[in-house]
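Please go over the structures that come below.
Both complexes below contain subunit A, partnered by subunit B and then by subunit C.
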Partner chain A sequence: MNQKGYLLKRILQMIFSYLIILTLLFFLFRIALPDPTAALVVEGLSEEERQLVQARFGLDQPLWRQYITYLVNFFQGELGISFHYRGPVFPILVDRLYNTLALMIPAIIVSYVIGPLLGVLLSWKRGSSTEFTGIVSGLIMRSAPLFWTGMIFVMIFGIWLGIFPTSGMRTMPYEAAHFFDKIFTLDFLWHLILPMLTVAIYYLGLPMLIMRNTMLEVMGEDFIELCRAKGLSERKIMYHHVARNALLPVVTQAAVTVGLAVGGQVVVEVVFSWPGLGREIVQAIQTSDFPLAQGAFMMMSGVVLVMNFAADMIYSYLDPRVGQGGGK
Partner chain B sequence: MENQREKENGSFKSRIAYLKPYIASLLEPAKIIWQDPLGRAGSIIFLVICFIALFAPWLATHNPNEMNQRIEGSVISFNEDKEWKDYEIIGDDPINDMSSDENTVVAVTEENQVIIAQDDRWEEEEIDPEIELLAVTIFDDQIIAAGRSGQIAIRDNDSWEYETIPTEVDINALASSQDNSEVLAVGDEGSVFLYSDADWEELESEENQDLNAVDFSPAGDAIIVGNQGTIMHYEAKEITDPEYEAFGEETFRDLYDVDYSLAEKAFAVGERGTIMGFSGEAWYSTSGDTSRELRGVTVLAENNALAAGYHGVIQHFDGEEWYSLDRITTRGYRGIDFFENQGFVYGVDPYINELAPPSTEHFFGTNHLGRDIWSQVVYGSRTALLVGILAALMVNGIGFTVGLVSGYYGGKVDNLLMRIVDIMYGMPLEPFAIVLVLIFGPSLWIIILAIGLLTWRTNARVIRSQVLSLAKRPFVKAARVAGASNLRIMLVHISPNVLPLAFLQLAVAMGYAITAEATLSFLGLGPPRVYSWGTILHAARLSGAWRVAWWWVIPPGIFISATVVSVFLISRSVEVMTNPRLRGGNDSAPEPEESEDVLPHGQ
Partner chain C sequence: MKKKVLILLLVPIFVLGLSLNVGAEPLPEFEMMTTTEDYDPVRYEAAFMIQENLEELGIMVDVQPTEFSTLIETFYDEQDFEITISGWSGRIDRLDPQHFLGTLHSGQTDLSGNNPGGYENDRVDELFEAQEREFDPETRQEYVFEIQDIAVSEQPKNVLFYRDEVPAYNQETFTGFEPMAGEGIYTEWLPFDAEPLTDDLTLTIGTSQEPDNINPLDSTTVWGWKFMRMYYDKLVRLTPDVEPEPWAAESVENIDDHTIEVVLRDDMYFHDGEPVTVEDVKFSYDYYVEQDFAYFRPFYEPLDYVEIVDDNTLHFVLEEPVGNFIDVTMSQIPILPQHEWEDIEVADDLGPDEIPTVASGPMQFEEFESGEFKSLSRYDDHFAADDVDIEGIDFIIYADAEGVFTGLITEEVDMNAWRLEPGHIDLAEEEEHLQLVEVPDFGYYHMTYNLRVEPFDDVDFRRAIAHAVDKDTIIEVLLDGLGEPGNSVIAPANPAWHNPNVEDFDFDLDLAREKLEEAGYYMEDGRLHFPEE
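Coming up: the complex of A and B.
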C-alpha cells in the first residue's frame, strides 16, 4: 500500500472511530436524561406546554430521528445550549480549548526538549550512579499525582514564598481584545510558570526514559559498529547517528501526549483554576450542565483522535516501513 | 468402577499438568524481582502498603470519622495594661473557677483537682472524694472549693477536710468578703449559704432560679446573680431585690458572672452577650458588640473592665462602651479573674482539635473538622489497593483476552478488535469517568468500571504483538499439526508464554489504576464517606486550609507516589525478563506503561 492510500485509510478509520464515540455519547446521555423536560415540570409547566416544548426540541420524534438530528447538528457545529451559561456551547468550548492549549503546549515543549537531552545523558552514563538516580527520579516524577505536585507547588511558591500567583491565567480584572492579546503579556507568563512546570515535570520522565531505551537499542545496531569502524568520534556518533534515530519514538510520543494533555489533564486546571476545557467539564458536572459536559467530551476526544492520527502519520513519515505493509 | 476412578484421577492429574507452566511462569517473575535490588525495594514498599491496608483498623489510632476533641485546663494571663501572655495549658481538665489573693492563685477543675500556683509553677493537687468542683475561693489561709451535690472541700494547713451541705444542691459559686469575715456560697434552686466561724448556715431567699455567681464589694455587701435575670443584693444576712431603671428582654436573660469589686458599681454578664450594669442605685442593661455567651467579668480599675466568654470572645469596657478585643483563641472561656496586678482568662470548654499539626497524638495532625489524618490515610490504603487490584484484574482480563484472540486469529477478527482499541484510545479517561459519574452518580464501582472499560487498550496491544510473534513459532505449528484445537493452543501453548508479560502489564495497570482513582476522587467523583487518598486531598482543597496545613496535603501524596513507584519498580524488573532486547545490555531499562504506545499498532 502506498503512502496516500495509507493516509486515506487512517482518515476514514479516524472518522469512523469518532462516529462510534459520538453514538456512544448520545446513548449514554439518553440514559442519563431520558426526558429533559422532566426538570421543567417541577418549575410549573403544564402537560400541554410540556408537549409543546418536546415538539419544539424534537423530543417527540422516534429515537433514531433524534440520533440523526444529533449527528447533523454536530457536524454543523451546534452542540446545544449550555444550561449554565445560557448560550451556545461551541464558542465557549473553543475559547476554553485555546486556554488549555496555551498551558499544555509550552509544558510539552519544555518536557520534550529537556527530556530527550537527559535521556541521551543517561544512556551515555550507562551503569553509573547518575543513570540510577535519573531512572529512579524519572519513575518518581511519573508516579507523583499531578494534582498533588501542583498543590505542593502552590503551597511552596505561591503561599510561603509568595513569588507566583496561584490561580487563573491573568490578574483580574484585565482587558483583552482577543486571545493573542491575552497571552502575549508578561502577566500571563507569570501565571503560566507554576502550572506549566507541574505538567512539564510530570511529562518529563517519559521522553527521558524512552530516549534512553531507544538510544541503548540503536547503539547495539550494526551501522553504529560501522561508524565506529570508520573512526568517527564518539560525540559525533552519539548526536548524528544514535540520537537522530532514537528521536523517532519520542516525536511520536510527543504528538500522543498533546492529545492526552488536552483530554486528560483535568486536575491541573482544577488546582490552578485555569479556565480550560478540563475545568469546564468538572464545573459542568457540578452544575449538571449536560450539554456543556457532552460538548466538552466531544471536543476532547476529537483532539485525542486527531493527535493519535498525527502521531501515526509522523511515524509513518519518519519510518517509511510503517506505511507499506505495516499498519493493517 | 475402580477403573473409572483411575481414569478420572489420571485426567485430573493431566489437567494439573497443564497448570505447571502457568505456575512456573508466575514464579519466575517473583524470583527475578527479588534478585533485582530496585525490584526488591519496590516489593518491600508494596508489601508494607498491603500490610497497612490489611491491618488498617489496628494501625489507625483514631476513628477517621471522629471529630477529635481536646480537653484541657488552660489559662491566659494578663496584666492591668491588658498585655496578654501565651495560652498556657496547666491541667488535663477544664478549669471551672479561679481565685487569687496576694500570695496564692488557685484553680479548680471539672474533675477533683485543685491547681495552685507556686513560684510561677502550677502544682496539681488531687482531692480525695470525686467531686466535680465548680467554685473556689480563698478565705484567709483557707482554700474553700465546692461543687456538685453540696460537697465542699476546705484546705487548712495543707490538709483537706470535707463536708456536705444537708440540702445537697449544686454549689455554683463562692465568694469571700474582702475583710475575710464571711463566705457566701450560692447554688441551684435559689439556695444561698453563709459560712462564718467554721459553720454553714442557709439563708432565706425567695428565689427559685439557679444562682450562678456572687461577689462582695469592699463595703461588705454582695450581689448574687442567676438564671433568667435574677439579681439579688445581700447585706448583713438580709437578701433584697434591687431597683431597675427599666425592664426589657435583656433583664430576663441568664446571668453567669458578676463583679462588684468597686463600691457602688457592678457589672453582670450572661447569655447572648448580655451585660448588666449597676450604678449604685439601680440596674441598667447595656451590651457589647457580641451576641455570644459571656461567662466571666472582672473590673480592673475604674472605667476598665473585661468580660470573656464563648468562642474566645473578650470584651473590653473603656468607661463608655464595651467592644471586642482581638481573639487570642476561639475556645470557650469559662471565666475571668483579676487581682491587683495579674489576671487570668481560664477554661476552656472541650474544643474540636482542628488543623492541629503533627504530634504524638495525631501523627499526621488533624483536618479542619478535627479528624485524624493518619487514620484517614491508613484507611485510604484499603481503597487504593481495592480499586487498584480490581481495576487491574479487569483491565488485564479484557486486555489479555482481546490481545490473545486478536493476535492468534489475525485477519478480520484482528482488524475488528484493533478498531475497537482505536476507539478506546479516542476517549480520555478522566472526562470519560466524569461523564459516567454524572450519569450514574459517584461510587467506587463507577471508578473501577471507568478504568477497567477504558485502559485495557494498552494491554491488548502489548499482548497482541507478543502473541503475533508466538503464533508463528514452530511449536505452535507442531501443536496444530498434532490436531490441537484453537482454544487448546491458545490456552496451553501460547498463554504460559505471554503470562510474564501479562504480569508486567498487571503491575503497570495497577499503578495506573491507583493514580486514576486518586485523581478521580480528588475531583470529588469518589463516593462520600469512603476514605481514599484522593478524597483526603479533595477535602483539603475544598476546605481551603490546604494552603497552610501542609500535614494534610503531603502524607496522602507520598503514599500515592510510594505505591505507584513500588509497582513501577516491580514491573521494571519483570521487564528485564520479558524484553529480550533490553536483557542483552548490562543494565535493564524501565518502561512506564505508555512507552508501549510508542509504536502504532501493527508494529
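Coming up: the complex of A and C.
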C-alpha cells in the first residue's frame, strides 16, 4: 500500500472509532450514573418541581430521542448545557483544558527532554553502579503514587520550608485579561513548580528506561561496529548514531502520553487544587452532569485518537517501512 | 393395599406438619444501604456497627455501601430499600419545623416524596396540617411537640445522631466570630462579626465547596446561597438566636391572618447607586412567582399577591394563613434590582457571564472564578456598613478538604467555610494559631425502614430494635465525641421546636430481646423468626 492509501485508511478508521466512542459515551453515562435530578431531592424539591427540571434538560424524553438530539447537536458543534453549572459545556471545558495543558505540557517537555538523555547515559554506563542507581530510581519514580509524591512535596516545600505555594495556579485576587496573561507571570511559574515536578518525575522514568533498552539493542547492530571502526568518538557514536535510531519508540510514547495528558492528572490536580480538566471530570461524574462528563470525554478521546494518528504518521515518516506493508 | 393405607395416613400428617410450620419462618436477610466510605466514613462505619448489634438479635443484615446519588435515587425515587442510612442537612430555613416534620407526613409517601419509608399516622397528619396554619407560637409548639412524641415512640425511622460542625479560624489575624447552630461561623452575619487583628482587613476563607452558579433564580445548592446572601438584602434577617429581625424592612407586622404589612427603609441603595424602592420589592416577589423557580417554590407558594400601599409600604396578601411566612419566606427571598432584571424573560437561561450581580447588601460582588476564587468587598453606602470592620472577603476554592486544611496550616486562609474532617481536628488543635469552634447542627442522620416490608410494618418490632443501636459509641468512636445522640427529627440545637421529653431508647440488647419475645418473635438456630400465627 502506498503512503496516501495508508493515510486515507487511517483517517477513515479514526472517524469510525470516534463514532463508536460517541455512542458508547452516551449510553455509558446514562446507564451507569443515577438520574442527575436525584440529588435535588435532598435539597427538598418536590416531585412536581423535579419534573420541571427534568423537562428543562430534556430528561423526560425517551432515550432514543435523546440520543438523536445528542448526535445532531454534536455535528452542529453543540455540546449541550451543563446540568450543574447551567451554562454551555464547551467554554467551561476549554477553560479547564487550557489550565490542564499549562501544567501538563511543561511537565511532559521536562520529562521527555531529560528522560531520554538520562537513558543514553545509562546505556553508555552499562554495568556500572550509575546504571544500577539509575534503573532503581527510574522504577521508584514510575511506581511512587502521584498523590504520595505530591503530598510529600506539599509537606516539605509548602508547610515545613514554606517556599512554594501549595494550591491553585496563581495568587488571588488577580485579574487576568486573557489566558496568556494568566500564565506568563512569575507568580504562575511559582505555583507551577511543585505540581509540574510531581508529574514530571512520574513521567520521567518511562522514556528513560525505554531509551536505555532500545539503545542497548541498537548498540548491538553492525553499523555501530562500523562507526567504531571509523574511529568516531564514543560520545559521537552514542548521541549521533545510536540515540537517533533509538528515539523511535520514545517518540511514539511521547505522542500517546500527550494524548492521555489532556485528561489531566486527576490526583495531582486535586492535591494541588489545580483548576484543571481532571478535577472537573470527577465533579461532573459525582453530580451526574452528563453533558459535561460527555463533553470532557469527547474531547479527551478526540485528542487521543489524533495523537495516535500523529504517532503513526511520525513513525512512518521516521521509519518508511511502516505503512508500506513491509514493516511486519 | 396396606401401602395405600399408609400413604393415605401419611398425607394428612404431612399437611398438618406443613401448616404447623407456616409461622416458623426466619426473618430474611435485609439490605442496609449506606454511603460509601469515601463520601462519608461516619455513615459507612455506623452501618457496620448497627449490623453487628442486629446480628446479636438474630437479624441478618447485608450492608450495601452505595454511591451517594444512586443512594438518593434508590431511596427516594424508587423506594427500593429495606433499611437506609441517610441524613438531612441543617439549612437555615429548616429551622422552621415545617420541612423536617413533612418527612413524617402521609402526603409525602409517593415516589420521590420526602417520606420514602411510607410512614402514615392520622394523628400526625392532623397535627401537621394544624401547625402549618397556626399563628400562635405556643399552640403551634404544642402541635409540633406532639408530632415528635408520636414519631419517636413509633420509630418509623431511628434518628441516629446530630453531628457538631467544627470550623476553625486563625486567632492571630481575626476574632469576634459568632457561631450559629447548623451554620458554623460562615454565617450571614460574618461581615459584622469578623474583627481584624492585623493590618490585613480582608478576610480570606478556604472552601472546597463552590456555588453551582450565582444566579438567584437558578442556584440550587446551599453553597450558591451561602455566597449570594452576603450581597443580597432580604426584608428580614434571622438573628443568631433565629429570631426574625426586620432588615431591609423598617417594620413587619401581621395586620390580619391573611395580610402582612411591610414598611421599607428609605436609606437603601443598590450597588450601582440606584435607590431601593417598594417597586423593586414587589418586582422581586412577583418575578420569583412568574419565573416559577422550583427551588424556592415552598417560600412563595403561600403568597397571593403583593400590593404597593404607598411610597414605602407594601402589603403581602396570602392565599391561606401561614404561620411562618415572615421567618421563612421574607428571610430567604432576595431583593432584586428591577432595572437589571425586568428585561430578562427567562432567568434560568442566563449564561455565567450574563447574570446580574447588582444587589443592595452590605457586601458587593467582585469576582467568581469557578474552581479557583471568589471575592466580595464592603459596600460603604449600605445602612449597616459602619458595623462592618473588614474591607472584603476572599474565598480560595480548593479541590478537597485536605487542601483547605493545608491552607489553614500555612495561614493562606483565615478560616474555613465548612467543618474540619474528624481526622484533621487533632492536628488542628496542635497548631497554636488555630482556634476551633464546636457548633451543634440541627440537621440529622437517620436510619429509615421501609414500612411496606415485613416486619418493619410492626411497631413493636421497630421499637425493640431501637434498643440495638449504640448511639453513644457511634459518637465517641466515629465522631470523636463531637455530636449528640439522636431521637427526634427536630434537633436540640433548635430549642424553640425540639421536644426535650420524647421517649428514650437506651442501648440494651437484653431489653431488645425481651421486647422482641413479648411481640412474639423467637430465636431458633441463631436466627430471629416471625411470630407464629
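Annotations
Just so it is clear, the second predicted complex is superposed on the first by the 288 of 328 C-alpha atoms of A that agree within 3 Å, B and C clash if a C-alpha of one lies under 4 Å from a C-alpha of the other, contacts with A are read in each partner's own complex, and residues count from 1 in each chain.
We adopt the following convention: a residue touches a chain if its C-beta (ideal position, glycine included) is under 8 Å from a C-beta of that chain, and two chains touch if they have at least 3 such contacts.
Note that this is a predicted model, so its numbers are computed, not measured.
When the shared chain is aligned, subunit B and subunit C each come close enough to touch A:Ile159. After overlaying the two complexes on the shared chain, residue contacts for A:Ser288 are found with subunit B and with subunit C alike. In the superposed model, A:Arg279 makes contact with subunit C only, not with subunit B. Shared-chain residue A:Arg50: touches subunit C; no touch with subunit B.
When the shared chain is aligned, no partner comes close enough to touch A:Leu63: not subunit B, not subunit C.
Contacts of A:Ile11 after superposition on the shared chain: neither subunit B nor subunit C is touched.
When the shared chain is aligned, subunit C comes close enough to touch A:Met169, but subunit B does not. By the touch criterion defined above, A:Glu269 reaches subunit C but does not reach subunit B. Looking at the shared chain after the overlay, A:Met300 reaches subunit B, while subunit C stays out of its contact range.
Of the residues of subunit A, those at positions 154, 158-159, 270-271, 286, 288 touch subunit B in one of the two structures and subunit C in the other. Across the complex, subunit A meets subunit C through its residues 33-36, 38-47, 49-50, 52-53, 56, 84-88, 92, 96, 154, 158-159, 162, 165-170, 172-173, 175, 269-275, 279-280, 286-288.
Those residues of subunit C lying in contact with subunit A across their complex are 67-70, 72-73, 76-77, 88-89, 94, 99, 110-114, 212-213, 215, 218, 220-222, 292, 294-295, 297-298, 348, 351-352, 366-367, 369-373, 375, 394, 396-400, 402-403, 406-407, 409-410, 412. Residue ranges of subunit A in contact with subunit B, taken from their complex: 13, 16-18, 20-21, 25, 28-29, 31-32, 126-127, 131, 135-136, 138-140, 142-149, 151-152, 154-155, 158-159, 205-206, 209-210, 212-213, 216-217, 220, 249, 252-253, 256, 260, 262-267, 270-271, 278, 281-282, 284-286, 288, 290, 293-294, 296-297, 300-301, 304-305, 308, 311-312, 315-316, 322, 326-328.
Interface residues of subunit B facing subunit A in the complex, by the touch rule stated above, are 38, 414-415, 419, 422-423, 425-432, 434-439, 511, 515, 518-519, 522-525, 537, 540-541, 546-548, 550, 553-554, 556-557, 560-561, 564-565, 568-569, 572, 581-582, 584-587, 589-592, 594-595, 597-603.
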